[in-house]
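Take a look at the structures listed below.
Both complexes below contain chain A, partnered by chain B and then by chain C.
Coming up: the complex of A and B.
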């Protein structure tokens, strides 16, 4: 059986059929639909529109805003989400007491449903009686508005906060696993040579985590490109004026509109953007076969 | 190893079988907007139980409060072949995707087979494909307990208000209720500003405005549509600016933090039936007024208008119609839901019944207020959301912040984006 060249293909055939039916076929139909203009979602005779759906998308100010917001979120995620996860993993890796407690605590936000999290943060941010507002009032900071839709950059930061916070634990666990694969002998040898803790971190641990970091960054980037649940719960209409939409939430709104060709074009663009960003990330962090 | 594999295969097969529902030919799938927080939910569920007890059939009901997402999900179900047997849904442009493609059966075709189908319903209210239950009117709910001064009470004695009077009322309400913590005259949320957008356009442009929509290219800061929508900026100081629609509604009917709220007659079901203390709303202390008239000096017509109509009804899907047993069930289900007795129950919650035989023994003060609204206006029209292309009204709603905050540049962008989607 192991010598047969046909049997391996038979084993992967079911999954290939599944992928074909639920991924390749819908994606192909989606590309096809993006070339048409529909009068409504059940329109049996859509009109051929060529690339106009894509052109209109690039001219749409809400699309531009959602693109900028999503790229900004990606940058925040790279710096803060993966950065904090790395720092926490380095710290937790060093301690012996309560290590399990910290691992569990930092991982907890992942298991909370995004819907519950979004509703929770909506309550925390409430102008009248929200938990965060009450905490600020305890230190005599009155009238602070977290989701201030007249200052969109400020509202953007606080909308992004739960998105960033939720997955720190996930990448923390990945980094921690990576750190545990680094040989203790390397670190002991560095100790003998008189290396400080920081030197060991920057000269040994972080370089040896290169491949793990690449994987984490790709996951973080692709995850934040398609973020939907948290921003949708907290700000479904992208207030104000759609300027705080993300690509995922705006695409969802487009899918409810009459011309689903436009929504199809949006979906194709999202895939292209995701592919480009993953490729850039892979290029910058080329896997190191020696590690 | 082999035994473990066989055991796992058996377990998985068993789980799959548990997951499969027994295919039952006596189950009717229904979808309606009488779910969630809709005040008609209790009456609807009671009628379902009555139908199940009498017919012996089972109703698999998936109802939800209606919003733009729900409307889109219903259309998506038809697209994917997952449509229900009976649907209670909007009429007009919202239903165009399912009506124009023949996904639901027309009343004319139903009556060829069932001549007495829904014969109790007034012909003037009957749709081409749907059987209505209750019609609606939309108005400004006013909690009179906040109108404590003689000047405010003089306004309550009038049938309707002008825009200038409305602004004066808001200013006086703030002055008279300074001690009420968190008080804002108008309960409002930019996440659900639909009625304000529709009414300000209607009041400014008249009943034909939706039939004569301008081209997007013609919209400027000085266009009538822009000026109309930017009038909402004059109300900004008086609006509560809640983050969610539920918080907005609660401000009026539950927590006594707002004096006025714009909504349809169905909202009356949320208002307490018993006397409430202090500023809490109940059916006796709430009055309903038409939306204020917009004067010509502000680009309006000076007249009062009402958004009203019979814009929802029960449909039978073509899929159910083509199945003889389901066809029979669907007919009986809809006749149960639209019988005189059923419409009496729905009308008690709010709205004008589509059956002229409905008699409500004791109408609350609030119901009388709502039924009297058509007599206080100069014209009636269907809502803009029903006259817009399916799914496109959300585009205008998205720019609510710009209208309320007086951002004319963003307002122009929003109006253009909405009009572009009407083409």
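Coming up: the complex of A and C.
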């Protein structure tokens, strides 16, 4: 049974054609294009440019800004997204009723398109009459500007907020699944020994979640590198002056530029950065074979 | 004991506050969609009683942008992607799970690498390719790349699942004279139904919610699916809060209804897929 030498290739062929044609081929073209300078996007005779597209990219202040913003987002995501998700999962794990209710509600933002969420947050943030602004007025805080493009670090926080908020429920569910695999006997034994709840959390549950935490961090980090829809809807041009671009939104803006070699170099960099980041996080949180 | 009770109450308070942050925004949008724009801006928390109106929905559905048609476009695109992905990933997964062949590990590695890079990093050459195939502005121009973008995820889920299925069932079927297509259709497919359902839900959601390809390939309003239409509306009428609220409600409510019905599968499917990937 299942000894045929032909059938497996036959079965894999359609998938392979799709991957090859729509993912691998375009990516290869990008690598090639990144070595040329184009006068315009249909330039039939691009000039060989070596690695200069990459060099120019590193000198581009907007690229630097979008890189720094994306790295800052990664840090915010590690601290707040995974942090809050972990706390929520530890709490839900302790309760007995309404577990499903919390699970379903925490997960809800993930299934909604980022486009819709971006529009929603536009309605919340708007200077005159936004929902959040009116909420603050209820407690007598007047004139608070959320996306304040004169104070870029404040605006950055509020651009990142929906991105972080949306996926907390996702990592929460992963943590919760991990917690449910820890045997009750272990926790009961700790109870008998008189361990407090906090001791159990820090000495038993969090250490045993190590492998799950690694998965969550790798996902969260690579996910935040790919962020596009939400910031694009809220601030498509990276106002002010591109200083609030993320890698995704700036890359998209670049793809309309005349020199597509530069956009191609950007795309290659994006994949390299993603690969580096996930390798680094895999190294830092190496799987523990004992677990 | 008393201390325990207080901490339990505290836990419920914290959890309910977070639940409020995830539920209330959607409730707010739906409620405000029934109010005129100026009422949303002046008093966001009132209920639409004296000023209840369907105008926003009427504008969204029959106005310059026909949201109902966008639904149909979305359904055509996303269902096609689901069917193509299930078919191709199903075949490939069966081969990967049941056969031993030379490039098996390489194929699997390739699938994982293809899942890693974001689709917007290849957008320019991809668009070129679609134009060459005369797929620009056509639904197929979104369907085919989306199929490629999702097939990897589906292969990982389905391969893992088919591997677990007991070989004995298939063995006895072959002894009884069944052939390969019969085994695939009458045995593997029903046995792996839950895994197929999981991937189908995930792929559908991903395709329905994806903005990037839709926006790039489909420039005519008549062929645009829902996310692209929504973005068009927002860039043109972003200050009309009533219209915005109605549009956001129209795009999210159907998905939310499906979510409440299938929540168990959706939550399990989305997270399982991520962990295995």
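The rule we apply is simple: the second predicted complex is superposed on the first by the 273 of 291 C-alpha atoms of A that agree within 3 Å, B and C clash if a C-alpha of one lies under 4 Å from a C-alpha of the other, contacts with A are read in each partner's own complex, and residues count from 1 in each chain.
As a convention for this text, a contact is a pair of C-beta atoms (placed from the backbone, for glycine too) under 8 Å apart; a residue touches a chain by one contact, two chains touch by 3 or more.
In this text, all values refer to a predicted model and were calculated from it rather than measured experimentally.
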Fit or clash - chain C, chain B, common chain A: clash
Partner chain in contact with A:18 - chain B first, chain C second, else both or neither: second
Partner chain in contact with A:40 - chain B first, chain C second, else both or neither: first
Partner chain in contact with A:128 - chain B first, chain C second, else both or neither: both
Chain B versus chain C as contact partner of A:60, first or second or both or neither: first
Partner, of chain C and chain B, that touches more residues belonging to chain A: C
First (chain B), second (chain C), both or neither touched by A:152: neither
Contacts of A:242 with chain B and chain C, given as first, second, both or neither: first
Chain B versus chain C as contact partner of A:259, first or second or both or neither: first
Contacts of A:251 with chain B and chain C, given as first, second, both or neither: second
Stretch of chain C, among 42-50, 132-140 or 150-158, that runs into chain B once the two complexes are superposed: 132-140
Set of chain A residues, in rising order, touched by both chain B and chain C: 122, 128, 255
Chain A-facing residues of chain B, complex: 68-69, 71-72, 75-76, 78-79, 96-98, 100-101, 103, 182, 190-191, 243-244, 389-392, 394-395, 397-402, 405, 407, 410, 413-414, 417, 421
Chain C to chain A touching residues, read off their complex: 7-8, 11-12, 14-15, 18-19, 21-23, 25-26, 28-29, 40-45, 87-89, 91-92, 94-96, 98-99, 101, 104, 107, 110-111, 114, 116-118, 120-126, 128-129, 144-145, 147-149, 151-152, 155, 167, 170-171, 174, 180, 205, 208-212, 226-227, 230-231, 234, 238, 241, 244-245, 247-248, 251-252, 255-256, 259-260, 263, 266-267, 270-271, 274-275
Residues of chain A that touch chain B when the two form their complex: 39-44, 60-62, 122, 126, 128, 147, 149-150, 236-242, 253, 255-259
Chain A - residues contacting chain C, complex: 1-2, 4-5, 7-9, 11-12, 14-16, 18-19, 21-27, 29-30, 33, 84, 88, 91-92, 94-95, 98, 101-116, 118-120, 122-124, 128-131, 134-135, 138, 165, 169-170, 173-174, 177, 197, 215, 219, 222, 225-226, 228-229, 232-233, 248, 251-252, 255, 260, 263-264, 267-268, 270-271, 274-275, 278
